[in-house]
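In this document, chain identifiers A, B, C, D, E and F correspond to the written order of the chains, with residue numbering beginning at 1 in each.
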């Protein structure tokens, strides 16, 4: 939720007084920030590497299961269509990571870790906004995010999905995105935006700069 | 500095006892971590956006000047060739960011902020390992880091460098890198590595998995 | 807002349950505390000195602009007359600090930094409760806060105010205050106060002590 | 307060959005956590030992007085019967600790510190839910929490209670508790609980395991 | 290492100046404290409960593996006999917890998680000071730490140890300890201790108090 | 200890690599900072007010005793004459605060708290650099730090000092200081200082500014 524009002596930011989270309005330009639901910030203390391959795979397997649980909680907190669309998609992609670490643990240890999933036992298909992505096979694709490197993940991401048996697929490169929509004008002083007047002045200076070149 | 391999009852990690920073050995697999010189971690509290364009440009201008000062301090702390090579290069690239924010402030406010630099007044060319990069023009290039987007930075990054008058240039895409060297084998239990025995076992399982496909 | 007095088995502190900030009631005697809007405390991590004069002036210039922006946000959050009176006054005095650092930067670097202000571009005169102080010239006075020292600031704080051209003035010493009003009796157990009974007992002891002298 | 069970696409966790404290629901399984009223966690920074016996006794004496004050504030925040029952009992037991440290200070220094109490001057007997425990003598008993050790506290905890003159008593061992009530079934996904189906499956495996023994 | 006694104008605490960790001397009475190797304190942020049984078992399984790895690092940092004796014992007991969580996961999910261990693959028997405890069967015993409760763990802790096939055993109650040795006199001002003079004075007061009874 | 000046490619900051505390050099201009011996910063979490007068006096009494103990530890850590001179003086002044809070507690509660001191029992006169200040009566003077206000402390600070029986004295205003010595020139880039060249340039600008007036 963003606040509205207001004259200097008006109180457009009055809603802040009762909001759970004031930081996005005071230090985040009314956008998102790397903070949790109580305003605690992300911390470098979360960065960890044991130095032992299997332990680190196990760590990431646990973290991905935990992150998926957290997404399920967020999903059940709100039925705002935009929030559910995002969280439903992330449940599916997070599920991919869970399976990927399980398969890597299977290769390195020989134990069939994929049998543990899903944790919690509720399948992604139980959620409307996640199921529709799985019906398109979104849960079977792993991207290399590189034109040339990381192709070896095909030695891990192979065979079938442990929950529904669909064949897995490695895709070279990055997922195709969608055009970033042009954000509507936001003429609010404390949100990203700029007055029409400022806009003209800056345009003029850009032209001068271009000629000076 | 990495520790050596040692038998279970040996004390290969003994050097830790007197090190200033123990975290990279205990929680970082003997690699680098997002911590400062006293072990304090990076924090999301550093993320800030005022919601006002000029204030944010000013903030980033200050931060880049501060980061450059910090690099100068690191440069004068050690003459290890690898450290100086890295820091010398970063001084030059950090200098690019200083100039870019100064020019953006000039366009948006009309004030010639580029006259403030360099802060501190010591030019990058005063440092051997930075000067050699400036001689190659590294300080005049700004990358778009995208094949299609962000080309508008050419409206800011234009004209000449305020310190030596060399013409500025926007380069579409990412800088050409160098092949990542193959890291030498590191058969240490608590650093990334894997025993020859483990390696064979995993290879065997990868083959089985490939056939199962 | 303070809570009311209540009998031991009453619930005078019940409003706490729904307040955004509970600390002032639990650890601050219902007064103000060095915390932000989410209860995060002031931290010594904010103390910084680069060792370079110009960089530190730039830092303070940015900080004062940022603090002024923050005050504008607080001003637009509430129209409580007492809050606006205080914030309006602080906007003006914070503006003085912005100009002072800009002028110091101008002297040390030769660049006319005062042309950057005000950041954000909204002038203090746009706010009713700030304008009335500027009409009295509050924005043109800088105090030495000492009977003898710091007179050299007159070499920086001179000429005219960059926004309205009024002549600047250095005033030796501290600003004249107003008599601190006698706070009304606050017979609440967990706010500063003392029962009539305790008062009499303590008075008696003070008399004994005085005689013992 | 706990949330109710809900179908995957329902929003049983919706109440979180407006709660002061979200952590117990997101990271605490809807139970209690070592956090304060703003979500700040307990910290090892609170652990302190001066190395001087009297200073540490004084520290603990202060801490117990402070903790009792805090309990009084909680008592006056809510009249929920369960909360008051707990806090009333803790006021009495916390009062025991206050007296114990006062008596220890008296023995080690010779100063009659017990005359300082109660701080605040409101006696526990002023609170209905605390008075009823004092009427049973709960404020006069100190336990050794060991079958054999710590009997020397009888050299400190002796004589009479400074507030009402009742004789003090050291009790060897731990206080007799009450049977832990069987918690009602909680078939909520994100609170401790397990589905009937899971329960049967696990039972089956336990039997198999028992036979395998 | 403890500092020695010294006259008021001597410098018995001088070794602090170069120590990695000063807190135990300044705030811990020269004893141990809940801090890590850089002085960072234990934090309530580590307390976590997902609300899902399997996820929490997985979390604890990971944490126990991680704690065991950390103990291996400490073991390889020092060959001080006392340190190794303690760490060797803890490696074995920590190993018990790893196996216990693995077996609980096996019961709840049906997956043979015990095949994953040990992580890292180095067996406790590889360490001299751990092997000697395993030779006594210390790794096969799980205690209920209660005279009456928690006997159901016998449904989990049964069968054989996955690493050496020894039969597992649940022991009701707590492990038998050894008599706590009487610590030598420590007449240092800032470590726990008390002067002979103080001792006599306190004894005298204890006698007076006993008579007063 | 400050580092020396060095050419750009020299390593004047090399000593940092082995220092316990790097912050004063990296973020403090080689001066002092509000940090402890491990680099942990001062925190607003230390600000506390219970809302109950006696509890707050007790808190401050404890804090002053604790601060004095800490000073004793610092005194015994170093025999550097400057450090001891400062710490010796602070021991005496800190002792004044201990006595002042003890006397305030005596007036408000009627209990002779002054008999508890000194805690630890080592008298300030046991330390050479503290004794010399007590011989001048520094421990008997309490300042109002105001020309007109706070004179009522004379109702508390009266009678004699509990340790040596010397008469106590309230002094209106602030203690007479000594002239602040002119710090020697510090031509180091990263410590406060400025080059001779910069100095001339700035002087020139100051003159221009003065004429512009």
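By definition in this document, a residue touches a chain if its C-beta (ideal position, glycine included) is under 8 Å from a C-beta of that chain, and two chains touch if they have at least 3 such contacts.
Every value quoted in this text rests on a predicted model; they were computed, and no experiment measured them.
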Counting one step for each move to a touching chain, how far apart are chain C and chain F?
1
Partner chains that chain B and chain D have in common:
A, C, E, F
By that same contact rule, can you tell me which chains touch chain D and chain F alike?
C, E
List the centre-to-centre spacing of chain C and chain D in whole Å, with centres computed as mean CA coordinates.
40
Averaged over CA atoms, how far is the centre of chain D from the centre of chain E? Could you give it in whole Å?
25
Touching two or more other chains in chain A are residues 20, 38, 50-52, 69, 110, 120-121, 189-190, 198
If every chain is a node and every touching pair an edge, decide which shape results: line, ring, star, complete or other.
other
Can you identify all of the chain pairs that touch?
A-B, A-C, A-D, A-E, B-C, B-E, B-F, C-D, C-F, D-E, D-F, E-F
Chain E to chain A touching residues, read off their complex:
50-52, 54-55, 58-59, 61-62, 65-66, 69, 105, 109-113, 115-116, 119-121
Name, in rising order, each residue of chain E that touches chain F in their complex.
6, 8-14, 16-23, 25-26, 38-39, 189-190, 198
Note which residues of chain B are touching chain A in the complex, please.
27-31, 33-35, 41-45, 47-53, 106-108, 110, 155-156, 158-159, 188-192, 194, 198, 201-202, 205-206, 209-210, 212-213
Seen from chain E, its contact residues with chain B in the complex are 20, 37-38, 40, 69-70, 72-73, 75-79, 120-122, 126-128
